[in-house]
Every structure is written in C-alpha cells, then in structure tokens.
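These notes are about the structure you will find just below.
Which chain is which? They are A, B and C, in the order written, and residues in each are numbered from 1.
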Amino acid sequence: MPKNIIKVENLNLWFKNKKILKDMSMEIAEHEITSIIGPSGCGKSTFIRTLNRMNDLIPTCRITGNIFYENKNIFSPGIDVTNLRRRVGQVFQKPNPFPKSIFENVAFGPRLYGEKNKNKLNSLVKKYLERVGLWEEVKENLNRNALSLSGGQQQRLCIARVLAAEPKVMLMDEPCSALDPISTAKIEDLMQKIKNDVTIVIVTHNMQQAARVSQFTGFFLMGELIEYGKTNDIFTKPRCKKTEDYITGRFG
Amino acid sequence: MRYKMRKMNWQKTRENLIKIFFEFSGIISIAVLAGIFIFLAFTGMQAFKEISFAQFFLEKEWNPTSYGNPQWGILAMLAGTAYISLGALIIAVPVGIATAIYLAEIASPFMRETLKPIIEMIAAIPSVVLGLFGLIFLAPIVSALFNINSGLNALSTSILVAIMTLPTIVSISEDIIREVPREYKEAAFAMGATRWEVIKKVVIPVSSSGIFASVMLGLGRAIGETMLVLMVAGNARAFPGSFLDPVRPLTANIAIEIKEVVSGDLHYQALFATGLILFAITFVINLASDIIIHKQLKKLKP
Amino acid sequence: MKNGRLAREKIIFTLIKIAAFFSAAILILIVFYVFIKGISVVDFKFIFEEVQQRDITKGGIWQAIVGTVYLGLGIFAVTIPIGISAAIFLNEYAPDTKLSRVIRISIRNLAGVPSIIYGLFGLAVFVHFLNFKTSLLSAVLTLSSMTLPWIITASEESLKAVPFDFREASLAMGATKWQTIKKIVIPQALPGMITGSILGLSRALGETAPIIVVGATFYCRGLPDSPFDKFMALPYHLFILATQHVHIQARQYALGTAVVLIAVIFIMSITAILIRYHYRKKKYA
C-alpha cells in the first residue's frame, strides 16, 4: 500500500434527521486515482464534499467521526478551512467557470493567495492552461469570457483553475457527466498526466470510467461503504454480492 | 510558521470585522424601517385617548378646527378614498389585464420589447406632473362632458389614478402570465383549441391568483396616491354622493392639514392616526399580494 | 363552426390589442402634451436664473433645480451605502431563519407604503424629535427612508440572481466568504444594483408629498448654504404654480417646470436601463 494522504474514521453525516453517510472508514492513497461508484443517492457526492468541508455550507448538516488530512484532523477547531480547501480542491459536476475572462479564471487562485506580479501571473496562467491542454485553443483569446467556451473546454478550464491553486488533492464530482465522449476522453487523459502531482478522488456514475482511470475503487450503497480495494479486484473478483450485482448491472 | 499564524488570525479578524460592518448596516436599516411604524403608531394611538374609535371611524364629520366643538369622523374621507381607488380599478383592471395578455401571449417579440418599457415608464412620471395634466387637460374635458362647473371630482381623479396603477398591474400580470408553462398550452392546442380559447381556458385560470395579486398591488398604490388627489379631487369634506362630487381622501387630508397643525396637539395626533390607518391598509394589501405572487411563482416554477 | 370560433378570436384579439396600444399611448400623450405646452417657456433664462417672487415670468427656476440636485446627491449618499450593505447582509450573512424572512418580507412591503406616510414619519422624527426643523437635511433623510426599501429590495434581487455555483466554486478554491463576495458576487450583481438604485433615486426625486410635509418652501432667496436651510425643489415648485399661484401665467410656468422635471427623471431612468442593457450584452461576449 502506498502512503495515505486522507484517512476517514467512523464518519457519520446527517442532513436534518436523515442519515446520509453511515460509519464510513477508508484511506485514500497519495498520487493515485481513487474512484467512488454507486447508484444515485448513495452519498457519493456528499462524501467527497465532506473531505474539503464544503458541507459546512449546508446549515442542517451534522457530522460525527474524524477525517485526517496529512495526519491533521480537518474538524479540529484550529484548522483553517480556506487553507484546507486550497489544499483539497474540487471540480464540480456542472462546469462552473466564473463569468470572467479565461485569464482571470486561472489567475483566481494565485491572486487569492496574494500573487500580484503580472509576469508571474501570466506564466502561471500559461503553465496551467498548457497542463490541461487548453493553451493552444485559447491563447489568442485569454480575455474572452469563459462562459463562451464549450462545455468540455469549460470543464478543463475549471481543472486548470483548481490546479493553479497547487492543491495536493483534487476532488472530482462526476466531472464528465455533462460532457460528450471526446471531451470525456480528454479529461481522462489529463487525469493520468497529473496524478503524480495531485491525488485524485473521482465520483462517477460510469463504471467503465472508474475501471479505466482509477487504481482504487470504493463502492457505496445507501450511505455505506460496501467494498473498497484495488480497482482491478473490485471489477474482476468482488468479495461482496452487492458489489457484483451492481457492476454486472443487476441493479442501480 | 508564526508569521503564517499571525496572517491567518488577521484574516479571520478581518472577516469578522466585515461581517460586523454588514450586520450593522442591516440592523440600521431594519431599525429605521421599524422606527417608521413605531413613531406612527405611538403618535397616532395617542389620539385615541381623547377620540373614541366609534367617533373616529363611524362619523362623517371631520372638522378639527371648529371652535369648541371639533369633529373627528373620517368616514367621509374613507368614502373618498374608496370612491377613487375603486373607480381607478374599474378602469385600470380591464385595460391592464388585456394589455398584459397582449404583451405575454399575442404580441410579437418586437412589439413586446417596445410596448412594455413604454408602459413601465408611466411609473416614472411624477404624480405631480400627472396632476398638472389632470388640471389642465382632463378636468376641463370632464366638466364639459357632464356639463358641470368643475371637473375636479372623483371621476377625473379615478381616471388619473387608474393611469398610475396601470404599470403595476400590467407589469406583474405579464410576468405571471409568461410563467405559465408551455406544456399546458400545447396540451390545449393539441386538442384543437384556438389561441383565444387557450388563453381563456388555460392561461388565465392558471395565472388568475397572480393577476389578482397584481390588482391588489394596484389598489395599494391607488389608496396611497397623494399628489393626484390633492390636485384634482376637489377636496370637499362632505360625504360624496356620486363620482361627479369633489372628494377629500385620507392622503389629501393629511397633506392639506399637516402643515397647519401644532406638533403634539390632538389634531396632529389625529392626522397621525389616519396615517397609521393608511399604513395598515396598504401594508396588509401589499403583504397579501406578495404572499400570493410568491405562492403562484412557486407553483409555476417548482 | 370553426370559422365562427376564429372570427370571435379575431374580434377579441383586436379589442385586446387596442387596450395595449391605448396603455402605451397614454404615456406618449401625457409626455407630448406637457412638452408641447410647456417647452415654450423653457429657455436659458428659465433654467439658470433665480425665481422672481413678484413676477415669475421675470426669472427662472434655478433654486428649484439646484434644490432637487442637492436632494438627489443627499439621498444618493445616504441610501446607496446603507442600502447595498443591508442587502448584502440580508442575502449573504443573515441566517435563513423565520425572523430574517419576516424582516425581508417587511422591507419588501415597506416599498409599497404611501409616500405621505414617510412624510409623517420624517416630520415626527427628523423635524421635531431630532429638531432638524423643516430643512434640506430633514427632506434628504425622509426621502432616504422611503428610498431605502426600494434599493434594498432591488439589490437583494440582483444578489439572488448570482448562481450559487459561482459562490461554491470560489469557496472550494479556498476563498473566504468576504473574498467570494468581493470578487465574485458583487461584480456580478453590481449592474443590477446600480440600475435599481438609479431607478429608486429617480422616483424619489419626483416625489412631492413627503417634501410638502418636511421641508420644501415655495420661495427662498438664493441657494441653501447648509443642510439646515430651507430649500426649493422642482416637484413642489410645480405643485404650487399649478394650484396656488395667482399669476396669470402660473400654469404655463408649471408646465415648463414639468418639462425640466420629466427630463431629469427620464434621463436618469434611461441611463439606468442602458446600464442594464450594456452589462447584459457584455456578459456573454
């Protein structure tokens, strides 16, 4: 087993009185891609939104248990949430670039953390747009509004925006569900290229995608972690009957 | 590391300071707005130490300056307010709703984009200008038409107040009508209904409560209108017998008398009491229509 | 059968169309009437010379114009910062509780309370209680109280129109709440807030009833030197000329004043609409 970057211990989560996540424990390996699969409403998205404390935004949310990021409990009072989110970035299901220029979108993180030098910003924007393979497509139009890009380009821009914050972990919440197959393939390639720099946790509906991109897979059902292990094992010799039913398409 | 800690603390402090600033301005606004009601209620209620509710609401005579025997009945003025606002609605409702239907369902996009802003601009005309228009243009026409001495009466005022309420009724009704989902209409078209039948049988019933609310909002504006009634209604204190009589609604009475009273005396307090009543009526009307509109929009846009 | 139904539809649609054109024609009728009748007295002298109390035809309406401009600047200075900050508080910081919802609904409904009521409030609080007397300051504060709910409501609406996605994305980048508001929410909501504020302000400047109660006078020599002075204003000047002045040409001059007042207000409204239009186009360019 490689080194763990995130460790989840006995995590329970409620919205109002409804229990969404039940006694979950899992460890996420550094520099690998971990995918979370499971039917709709099983708590996948809620789970990854807990890792960067985005669920704090939901007033009725209550959590017990511990999550350690680099051996520090992210729920402890001394933790700076903004710093945690900088380290654990997130890409959303629907591409959500800011209604600003392409340049400003990528520069958002560096500016936030105090980078004011124009040359430095220029080179950072170029670096991360190249990293996501968008540079050649947009280099003439960096001042164009990001909302004028296509859906696939917007999502890659969002990834560039997250990468420019230099996170250690990137959470991806069904990042391709709104995209066409070609854009999806581009993003999957991209994930392989960057995983040495940033650990990826991806939620996906698409089991082929999980099988293609990830080294580890967790199967969620009704808020419980049913099975977790090497992707290869989960898809070829699942230990649990429910997992087997799901991946062979018998329910879900 | 210590530097970083200090930076983090400063950021937290700054966030809190900013939050306190916004809270403060929110609370100031709320205090000012609550203060309006409190001052009005406080001063107005004092009038009822000396004037009984029955006298105030049920007697027709309002004559605070009559020496030795002041009269404090607002019934005639309430009637004036009622005449003018109902008269205005009788005119504005059919015209306004028809206009809203035209804009939402019949007009081409070009016509809609042209006419709607024009009609909404009516709301930008200061009522004192409309009053002037009434004095110079409308009142002579009304007096000639009905062969009466003066056109300064409830009818002329109703027409002008109708114009004032028109943009409210048109704009809100139109917004509501446009929210009727296309699927509803398509279902009716698919059964062979004509456009008018679709409007009558589907669009109007579905949006009726929102249209009703827009009319209520129009009513609220009509009741509160001051300058028009002050300039055109004739301002007689007698109980009005017909639309051709001059009237003095509550708002006009406040505007006429408030400058001549001494702060703190009974007359001053009684005018605040009429203000309090106006406030209560319009607030309740607005609140009710607000609730209806929100319910309607929730129903149409779940 | 079918023909009968279509004929009926045609008649009804014609009536509806007439109603709609009639509604629009009203505005045009009023504006044209006032302009054509009033424009003849509007000249350089009318705008830039002071009111001559003895004979209104010998002077202009300069004090009234300046008074209205002072009012506008005063209301702007009071309501824009307070109104926009209050809207930010209500929409971004206030927790979504029963109390905050009641407050929100109350503010929205205060926007519909008759202006004369604000006049009474201003009289009780600013003129008497705070002892500012009938003055420019009292009028500014009274009209500001009236404008505040409009501006808060309009600003809240444009803050609400900023999609939650943008806030979420910014927070997920590690931005603080204030950074998110400053960098994402306010730039998005600003055009709407500006438009709403200008429209509110232009409505306030046309209001007459409250300033009858708290401060305007028909005549004062020269311009106000301090906020505690009495002042003149266009709508009040118009009102007096139209209803209480004995000069034979008073109504003519009232119409001229109306032309100036309408011009001021329409220019402001159209500016507001152009700002909105400009930003709406730019958003997806």
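Note that a contact is a pair of C-beta atoms (placed from the backbone, for glycine too) under 8 Å apart; a residue touches a chain by one contact, two chains touch by 3 or more.
Model, not experiment: these values are computed from the prediction.
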Quiz item: From the centre of chain C, which chain's CA centre is farthest?
Solution: A
Quiz prompt | Chain closest to the middle [Cα centroid of all protein chains] | solution = C
Quiz item: If you average the CA atoms of chain A and of chain C, how far apart do the two points sit, in angstrom?
Solution: 48
Self-check item: Distance from the mean Cα position of chain B to that of chain A, given in whole angstrom
Solution: 52
Quiz item: Between chain B and chain C, what's the gap in Å when you average each chain's C-alpha atoms?
Solution: 16
Self-check item: Contacts with two or more other chains, residues of chain C listed in rising order
Solution: 176
Exercise. Name the residues of chain A that each touch 2 or more other chains.
Key: 82-83
Self-check item: Residues of chain B whose C-beta touches two or more other chains
Solution: 11
Self-check item: In the complex, chain C residues that touch chain B
Solution: 5-6, 8-9, 12-13, 15-17, 19-24, 26-28, 30-31, 33-34, 37, 81-83, 85-86, 88-90, 92-94, 103, 105-110, 112-121, 123-125, 128-129, 145, 148-149, 152, 176-178, 199, 202-203, 205-209, 212-213, 235, 238-239, 242-243, 251, 254-255, 258, 261-262, 265-266, 269, 273
Self-check item: chain C-touching residues of chain A, taken from the complex the two chains share
Solution: 52, 54, 57, 59, 82-87, 89-90, 92, 94, 96-100, 108-109, 112-113, 144-145, 147-148, 158, 161-162, 165
Quiz prompt | Residue numbers on chain C that touch chain A, as the complex places them | solution = 95-96, 163, 165-166, 168-176, 179, 183-184, 187-188, 283-285
Self-check item: Residue ranges of chain B in contact with chain C within the complex
Solution: 11, 14-15, 18-19, 21-23, 25-26, 28-30, 32-33, 35-36, 39-40, 43, 94-96, 98-99, 101-103, 106-107, 115, 117-119, 121-133, 135-137, 163, 166, 170, 194-197, 217, 220-221, 223-227, 230-231, 251, 254-255, 258-259, 263-264, 271-272, 275, 278-279, 282-283, 285-287, 290
